[in-house]
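Common to both upcoming complexes is chain A, partnered first by chain B, then by chain C.
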Partner chain A sequence: MSQKIYILCVEDEADVLDVVVRELSVLEDVFPIETAGSADEAREALARIEAEGDALGVVFCDHMMPGENGVELLVWMREHPDWNVSRKVLLTGQAGLDATVKAVNEAGLSHYIAKPWDQDELVKVAREQLSRYVAARKLNPLPYLKYLVMDIVGDTLRANSASDT
Partner chain B sequence: MSDPLPTLSTADALALLVERARALGREPEHVTAGDSILNEGDTNTSLFILLEGTAQLLKRTADGRHTPVDLLGPGSLLGILSFWTGRPAFSDSVAASDLKVLRLDLRDFERGVAEDAEFARVTQQLLVANLSDRYRRVVGLNLKVAGLTKELETERNALREAVEDLQRTRNKLIHQEKLATMGQLLAGIAHEINNPSSALMKNVEQLTRELPVLFAGMPAHAGMLREGMNAPYLSSGEARDRLQLLQERYPNLSRSLCRRLSRLPEAAMEPLSAALSAKNEAELEMLLRIFEVGTALQSIRIAEARMTRLVKSLKSYSRQEERDVQSVRLDDCIRDTLTVMNHRLKLYDLQLEPADLPEVSCRPGEINQILTNLLSNACEATPEGRVITVRTGMEPDAVWVEIEDQGHGIPEDLIEAIFRPNVTTKRGAGDFGLGLGLAISRDLALKHHGRLTAKNRKEGGAVFRLTLPTV
Partner chain C sequence: MSKPSFPLKKIIGLVLGLGALILMPFLSLEGLSPSGHVALGIFVMAAVFWILEPIPIYATSMGVILAQVLLLSDQSLVGGWLDRAHEGGYTAPPYTLFYGTLSNPIIILFLGGFSLAAAAEKYALDQNLTRILLKPFGTRPVMVSLGVMMVTGVLSAFMSNTATTAMMMTVAIPIVAMVPKEDPFRRLVALSIPVGANIGGIATPIGTPPNAVALAALARQGTVVPFSTWMLMATPLVVVTMLLTWWGMCRMFKPQIERFELTINTTFDRSPKAIGCYVIFGLTVLLWVTEKLHGVPSGVVAFLPVVFLPAMGILDKKEIRGFSWEVLWLVAGGISMGLSLSQTGLASWMIGQVNWDGFGTLGLVVLFSLVGFTVANLVSHTVSATILVPVAIALVLPLADGDPTALIIPIAVIGIIVSYANILPISTPPNAIALSTGLIDTKDLAKSGILVGILGFIFSIFFGLIVWPHIL
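Presenting the complex of A and B:
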């Protein structure tokens, strides 16, 4: 069985977290979802994923949270070899200019979604980012193909098919 | 060596001079009040000795006006400078009253001095008296100028202070105006949210009432709806444990299906277990969806309750236009302020240490303004994630609230100064950038016959205490 690629949702308000997970769960038959209510819980979730030998494809992260804020978590992930390549999305209504600049410059932010968001947009961003993750790691896209964006993984797919034959 | 001659009185000296001048062929002349004796700038060859009446000296100013500079009485010499130096007359001389003067020209003068010892003596005395008199007046004038300069300086300082005071007052007014505008804005927003929020509430109530009726003939479905509406809150840790348990129990089910099931309390699993064992996917999906409609209703109710609380706090927080003193609990002011500032405060570890307090008479809007300012300062001073403490307590005839932060504290030499306008320890522009927050807060505290004080904690950080009288 190939490596599982997770989606991680970090959000301190349980109601909002529920909605994010519900909307992303349309991808869950391929990309399992992990949840966290804070930066610390996110690290625990990452430790579990790592312990299983799995990977993190994309994190959707709120910014304004009690304790460590979202951008700080993303910066930490950027500096961590296991999560460096994972795609990072801010899903927030309250990141000011300074925090956003820091996220782009220091956390390698991949995408920014402002609250309130649209489900189609959310799922589209998730699929694009997961595709970029697969392409960046040059993984065989076949197990995940159902939700990948062909424009992004096409080259990787051809390269893999070539090596298969 | 002869003895110095005795000095004559002015009257005697003038009488003597008139007498001796007669020998030179000079008689006293009459000048009518208002007539000119000398004009500034004219060439003058005569010396006028004032015998009776008063003469006015006038000097022309840069803009052409004639300014009185001196009043001269009997014994004074007019044209003294132009007569001896040959330069144009230094000032106008005008008869302020009817005058009697003795006019001498240079030839008369030289003859008199050369031939008549008495004439020489009396003119010398008059000259010395005139010169020393003028000198004394110059010294007097200098002293007067010095006095005036000092007075002017004092007045200028007072004026400068008044201007600064005015500026401070203006800044305060602007600040107050901003806050008042913000208060109106808040009240407006609260009002605008209130209507859709009430509509939302009414509709949710209707759905909560009507949906069970629709499922009346289907007890299993009605049960799922009820479970959904009352589903207990699970922390993210609990939700994960439950998800893991269900994944182990039903290894064939997908993770997302297990996640949906994990919201159900164990007691509500029974109807689902039946559908699961019968592999009746349609029924399972139907039951889950009804359960989720129930949880959605619950979520809306919770969100709606939050909105109602927020609107209530916004309204009572922003009642700044209410000038009337009310009897309120300090806790209510604190609660409203904390609610309004929740988005900032949730980044800190907020510790509440409330005491049981009696009501105080105050203007709640102004107390909220003080609390907002203190909390806002505490947020700026404290690193995110650290403790901010809000503590209340009592002393005889007074209640107090303390806001304690874990910042760098206040430099000891500034501990009183920070309550003055335009003094700030913040590097960036924090609030409205005027450094007025604490000055205004203290003013408001004093207006309530209360106190606002600051001190540093031994452990680091600052404590601000607002004390309000209860009587």
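Presenting the complex of A and C:
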């Protein structure tokens, strides 16, 4: 059994979270989705993923949330060894310049999606980021190949497919 | 971080295999020498381990060599049941004989192939050849699929089927994925790649390991098949089965789009090292196919790229480490097992258990091919050939009566038919790659796999009966 690679969606408004999850659900047969309504819930979700021995490929995170904000969560993830390589996407309409700069410099932000977005863009970003995650970790891309971007994982695929048996 | 798993299948495999290894020497099977009992234990363990895979198949091959050195060589551990082999007039061969299988000329031939493939991949020669060879096929979708299948076949005749499939997928899939989902053309192309790779590997001795298994078994009987002779036998068979498969697949997956252009954005690397790579690649292949003219054996020619690619800095340490060394072990273990099968009299004893009268060579070939085809769909092609070929050769040897042609043909047919066993996703690594793209499902693979299997089976035997006697 290969390791499951999760997508995590963090968003405090339940309606918006529903839309994000519904739009990303086209990838769910390969990449299971976890959701969280706050930074604390996100940490709980990450703990569950870790307990199962699985991994997080990409997090889609809102910025303005009650309690700890999105960028702070991403910075925390960057410093955590298990979530360091996970790809980090800010999905927001309200991150100011300072927060955005902090996200890029301190959280290693991978991508920024401004609200409103459309589904094609969201799915495209998810597939690209998941591909970069698989390539960065040099995982065998085969179990996930269906939704990966060949231009990104091509070399990894070739490196993992050498010999006939 | 992946979950530890040790399913029942593996436990059964371990118990059965080790049980056979330990218990066989204590049995007294009628007509089997003591050393034959030991060899039988090793053979059953190897077969069980190779099929149920409690440990990796290449580790099993390494284990075979270890068991032979410890139990059947002049260095065997003395005392107790370990020493049983030496009763009854068995002359234990030097232990270096078993280790030496790793430098068998067939292994060196593959090493040469690995060097060339690594260099071709490093300097994108494979992608550039794909671009050039695909051009004449134009833009009609059915012709594009023929082109993809043929080019994959040509490359996989010299590189591993798996590596060729991965390369073709990386160039073809992004473009094919733009075709509308409901158009069967997507599936046609995604299937053309593994089909081309699986069949194409048959074309040359280095195309795929089962060829090596057949050739090594023949060489042990003193029948060395030159590179060019194998190509002359196998290439027409490959072309015929590929064309018919393509024709059938175009009917099963009829493209809807009118025009399709497979653009590949690569240019030839013109650095001195890249040119060195092209020259050595071309020269080696030229020397291989002209073996009959100059008489230098392919196993000798194969050592030229092994030496010159690193000598000229075209390959470095990193690429040499990247060779599929485990495949060499896999084949070497099989060759080593074959040695003891004949030396201890085990092979003749095994075939003596069945009354083969009235089978004739054709009947034997059909029977072994059927078994080989079935097994090879479920387990590794190399393993299927490794288990069957040594037994088959012991059967055919008396029938051939010293005629090399009568020996080569049945063994080549059996060795080749396992490569046509591609029905399931697990049958070959190229199938697994194709399936994981999500463009096809298991049913599509089975459709093309059954077509390939039937055509391969019929035509391999037809070529063996009608065509090859005129070539050899």
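In the analysis below, the second predicted complex is superposed on the first by the 162 of 165 C-alpha atoms of A that agree within 3 Å, B and C clash if a C-alpha of one lies under 4 Å from a C-alpha of the other, contacts with A are read in each partner's own complex, and residues count from 1 in each chain.
As a convention for this text, a contact is a pair of C-beta atoms (placed from the backbone, for glycine too) under 8 Å apart; a residue touches a chain by one contact, two chains touch by 3 or more.
None of the values given here were measured: they were computed from a predicted structure.
**Q** Please tell me, clash or fit, for chain B and chain C sharing chain A in the overlay.
**A** On the superposed model, which is not a single observed complex, chain B and chain C fit side by side.
**Q** Let me test your reading of the model: by the given contact rule, A:3 touches which partner, first (chain B), second (chain C), both or neither?
**A** A:3: touches chain C, not chain B.
**Q** In the overlaid three-chain picture, which partner chain does A:64 touch, first (chain B) or second (chain C), both, or neither?
**A** It touches chain B, and chain C stays clear.
**Q** So if I put the vertex at the Cα centre of chain A, how wide is the angle out to the Cα centres of chain B and chain C? Nearest 10 degrees is fine.
**A** Once the structures are overlaid on A, chain A sees chain B and chain C at 160 degrees.
**Q** Contact-wise, after the overlay, does A:94 reach chain B, chain C, both or neither (first, second, both, neither)?
**A** Only chain B; A:94 stays clear of chain C.
**Q** Determine, under the contact definition given at the top, whether A:143 touches first (chain B), second (chain C), both, or neither.
**A** Once the two structures are laid over each other on A, A:143 reaches chain C alone.
**Q** Output check: A:108 vs chain B and chain C. Expected answer is one of first, second, both, neither. What do you get?
**A** neither
**Q** Contacts for A:41 in the overlay, against chain B (first) and chain C (second): which applies, first, second, both or neither?
**A** first
**Q** By the touch definition at the top of the document, which applies to A:158: first (chain B), second (chain C), both, or neither?
**A** A:158 contacts chain C only, not chain B.
**Q** Once you lay one complex on the other using chain A, what is the shortest C-alpha distance from chain B to chain C, in Å?
**A** 17
**Q** Please output the residues of chain B touching chain A within their complex, sorted ascending.
**A** Spelled out, the residues of chain B in touch with chain A are 233-237, 239-240, 254-256, 259-260, 299, 302-303, 343, 346-347, 349, 384-385.
**Q** Can you tell me which positions in chain A touch chain C when the two form their complex?
**A** 1-3, 53-55, 142-143, 145-147, 149-151, 154-155, 157-165
**Q** Mind listing the chain C positions that touch chain A in their complex?
**A** Touching chain A from chain C are residues 1-3, 5, 57, 121, 160-163, 165-167, 169-170, 173-174, 201, 208-209, 322, 324, 326-327, 330, 380-383, 428-429, 432-433, 436-438.
**Q** For chain A, which residues are in contact with chain B within the complex?
**A** 12, 14-15, 17-18, 21, 25, 28-29, 32-33, 35-37, 41, 64-69, 94
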